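Input: structures, listed below.
Consider the two complexes below, in which chain A is the common component and chain B and chain C are the respective partners.
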Partner chain A sequence: MGSRDSRRILGPEKSIPYSLLQTQEMKHFLAEDGLRWDGRSAVDPRKLFMSVGVISQAKGSSYLEVGNTKVCCGVYGPMDVQRGSDFNMSCKVLCEVKMAPFSCSVRKSPQPDKQQREMSRQLKDALETVIVLDKFPKSQIDVYLTVIEDDGGLLAACITAAGLAICHANIDVYDLVIGASLLWHDGILYADPTHHEEECEGHKIRNSGSEGGQLTVGIMPKYANGQVSLLVQGGQISADNLCEGLEVAVEICQRIYTLSRKTLIDYVEQSLEANSDSS
Partner chain B sequence: MTTMDIWKTFEPDTYYKSFLEKNKRPDGRGLMSVRPITVKVGTITTADGSSTVRVGHTTVICGIKAEIATPVLRNPNQGFIVPNVELYPCCSHMFKIGPPGEKAMATSQFLKNVISSAKVLDLTDLCIVHNKLAWCLYCDVVCINYDGNLYDAALIALMAALQNVKLPAVSYDEENDKASVDIERTLPITLKARPVASTFTVYSDSIQLMDPTAEDETQGSGEVTVVLLENGSLCTTHKPGGQLILPNILDTFVDLAKQRVHAVNTLIGKEINE
Partner chain C sequence: MKSGNGHIVCVPGQRICEVSGNILAGEGTYTFNKYIYASLAGQVTVVPTEDGQVVKVTLGRQGTVMPEAGSVVTCRVLSVNPNQATVLIICVGSNKLHSPVSGTVKKQNVRDYQIDTVEMYNCFRPDDIILAAVLSLGDLRNYELSTAGTELGVVTAYCEEGHPLVPASWTTMKCKCRTERRKVAKVMPPKSTSA
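Moving on to the complex of A and B:
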């Protein structure tokens, strides 16, 4: 059963989620009228909400909602490196993604699992390309993400939230980094998949003919005509489809980029107004 | 940086003391006034019950997941309720990466004590089939922004989320030993009590503060939490060490807390009904 966590209040040794006891019905990806089960067409992204300055204790913070996926990011730093580690002429980036236990349909154990560790690592690598590391020698920047709800496109949402929070923290970056996620199922491209769609695709037994897979990209749209800072792909997709998917992803990122810039500019204007009111 | 910010960075103690001498706090509140509270329920679709609570800047989210478990032999007709508080480094620079620290463990234990001493929930209500199936409610409280007074916020979030939980009907087939769940028919759980906590910080023998922020807690020398039920009776007192106080000060705390109970419960009730 594994060691029992001695630092938390424990429930019974074994408990099963009640969703296993209910009759599962397979939802089809595309209904007859060409719409997905939540009313979108295959290439429509979900509604987005973003705001900055949600965590008063952090230097920079952001909150992002993509459909039902809710992610909160806090950035601390640049600050001195922990004692004992070597001085480095470029900055160290520490990134940690924590998923709340209630964020998935099956309760997640509070101990970090492989998915969280993998996402933390991928995000750290991506953010190291975004931040101008040479500007902060002998320092470290901590980026913490809390996933409040996971409804698909999680890594993409995390990248966008982290990018926003880092800009809000006044840390030098090459550009705002935006994430987008895509899914292929039976050869059709779906933009911004939900958790249910990702699971269906992941569990499908693939025979030789059909194509299916997932793609997550993190893109800096304006720097040097567009740079990819993160690309994670899984499944079985032909190279042409992959290129077509990348173009769709870049387009989605452009749209989110304009919204992110507007959020940051609105925030700066509001704080300038507040400062001029008080002084 | 303004001169006030410079003073605050280099000499936080004298900066803070200068406010207290005028019976005020840096955020403009009086010593015994509370911050505004916002409650929203049903915010998380993956959770069976959820609430988001803001006490000033302190933001706390409680999500309840219900799972089915076998009751223990000692209590064959009781379900389980498992509260846990998670303080991630995201919410404040005081917390580090890793397993739960002291503050998280203390708050989790506090919630567990309040639930059992106030008899908030009758655990036999959570039993589905005697000695075979029972509900286990995992209540996870996650702090998004830590600005002091975690105990109050966590308890309000837990109470609001418990009132938001809808458990699906479970039917048990004895012959085949099979259980099945119907998510179309859901029932809320009945709470027997609605405790409300009020936290105070003791700064010195003569100065006490209500509803402390993170700065108040760092500057102060000990916290006292009193938990009252709706009829005004005292359910839990929590004073983990810290500065000594006279009993009449504790009485003042209880009186101030009484005024708060009704306001908080009406606020939660209003949100649930919407």
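Moving on to the complex of A and C:
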């Protein structure tokens, strides 16, 4: 009774989703023709959609779709620090990733769980390298991410969405930051894994020596010839494979960067036209 | 950098030009390794000044600026007590702040003569709009501001009954029903010839 959420109508306490009881068919990662189950090859990234200016109350905002993963980001600031924080000559970044309860096939609790808190902390570290913090003393920048649907590559999508939203908010940054995610399974590198692929890899019982794992990278493509602002790796991957994976990730980020840049330039040209129409 | 209709548009991280003798980095840019890069998404403009040419990246809507020492800010007075007036800073220069920040005008910073005999209630009242200069970042909550100077002080105010006040002298403002005391700012019209 103590942990029940009294604001919402929940199912009976002993209920579990039926999908957990269905026999999970283990889809082969790669079929005989060399394609994954959704028709991509092992190194093809998924389709992208980006737009900025989706939340009117926020200073900057963006919406990103990578395949079926959908993330929305709102940026507020720079504003006064919260009461009770220390005086700081550089800006504080507050980052919160919130997954909607309907974003996964198993309902997520509205309170952030460990995974969301960990993602928020990793994202905050990444964004602190991108924003020019010295420009905003005694202030804080709030970045709120809402995950509408999680279909794999979540942290990477969050980084890209946050990077776009911060640029839209007219906050000085060193570069656009782009995220990419990779997966190793049975010795093969897969780019931009879906949720199902990540789960199958995560559940695999690993004997020592066998390789498999995931990698999420956040990259600033142009600053100082390319810098890594976030690197999260899980599982067991050899150093050579990790280096090869990083190169593949950089390539994917370059492709995403072209679309990010186009989205921002379209927004700038729209603003300039609107200003010259009104003046 | 893309150009459309003759504007040069850029995104953050794009290299604009080399830092040379008379080319300086302005707002919306940063320098790294002797090159100037953009740090905002916007239009690149080059403005000639006495020191040389300043490269700026701006978008029509105002850039993100925070008050810094020396900038002139527009504030609304929130409360007045005998030692200081608490204000809400709403604009920095001509840029409106997306979220206002707090500041204080201490009794000794109101004017530059007879600073010990200042009566705060005769200088500011709540809901006045004032122009002030930022002295320092102050402490955690409030910026430290000063209204010492002829062009700083109360710009817009209302009398106790709600009528708008117009400046009558350095220390008084008049409305149709009464005269009230304020520390008045001499607001120069935009195209004034220097005296």
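One rule holds for everything that comes next: the second predicted complex is superposed on the first by the 267 of 279 C-alpha atoms of A that agree within 3 Å, B and C clash if a C-alpha of one lies under 4 Å from a C-alpha of the other, contacts with A are read in each partner's own complex, and residues count from 1 in each chain.
By our rule, a contact is a pair of C-beta atoms (placed from the backbone, for glycine too) under 8 Å apart; a residue touches a chain by one contact, two chains touch by 3 or more.
From a predicted model like this one, the values you see are computed outputs, not experimental measurements.
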Superposed partners chain B and chain C on chain A - clash or fit: fit
Partner chain in contact with A:Pro221 - chain B first, chain C second, else both or neither: second
Which of chain B and chain C A:Asp175 touches, first, second, both or neither: second
Inter-centroid angle chain B-chain A-chain C after superposition on A [Cα, multiple of 10°]: 80
Touched partner set for A:Ser103, first chain B, second chain C, both or neither: first
Contacts of A:Ser56 with chain B and chain C, given as first, second, both or neither: first
Which superposed partner A:Tyr76 touches (first chain B, second chain C, both, neither): both
Partner chain in contact with A:Lys14 - chain B first, chain C second, else both or neither: first
Distance of closest approach, chain C and chain B, by C-alpha atoms in Å: 7
Overlap of the chain B and chain C footprints on chain A, listed as residue numbers: 76
In the complex with chain A, residue positions of chain B that touch it: 44-47, 50, 57, 59, 61, 63-70, 72, 80, 82-84, 86, 88-93, 97, 99-100, 105, 108-109, 112, 136, 138, 140, 142, 144-147, 168, 170, 179-183, 214
Complex contact set, residues of chain C against chain A: 2, 4-5, 7, 9, 11-15, 28, 30, 32-33, 37, 39-43, 59-61, 63-64, 66, 98-99, 101-102, 137, 139-141
Chain A residues within the chain B interface of the complex: 5, 7-12, 14-19, 21-23, 54-58, 68, 70, 72-74, 76, 96, 98, 100-105, 107, 110, 142, 144-146, 148-151
Contacting residues of chain A [partner chain C, same complex]: 59, 76-81, 83, 85-87, 132, 135-139, 167-176, 220-224, 260-261, 264-265, 267-269, 271-275
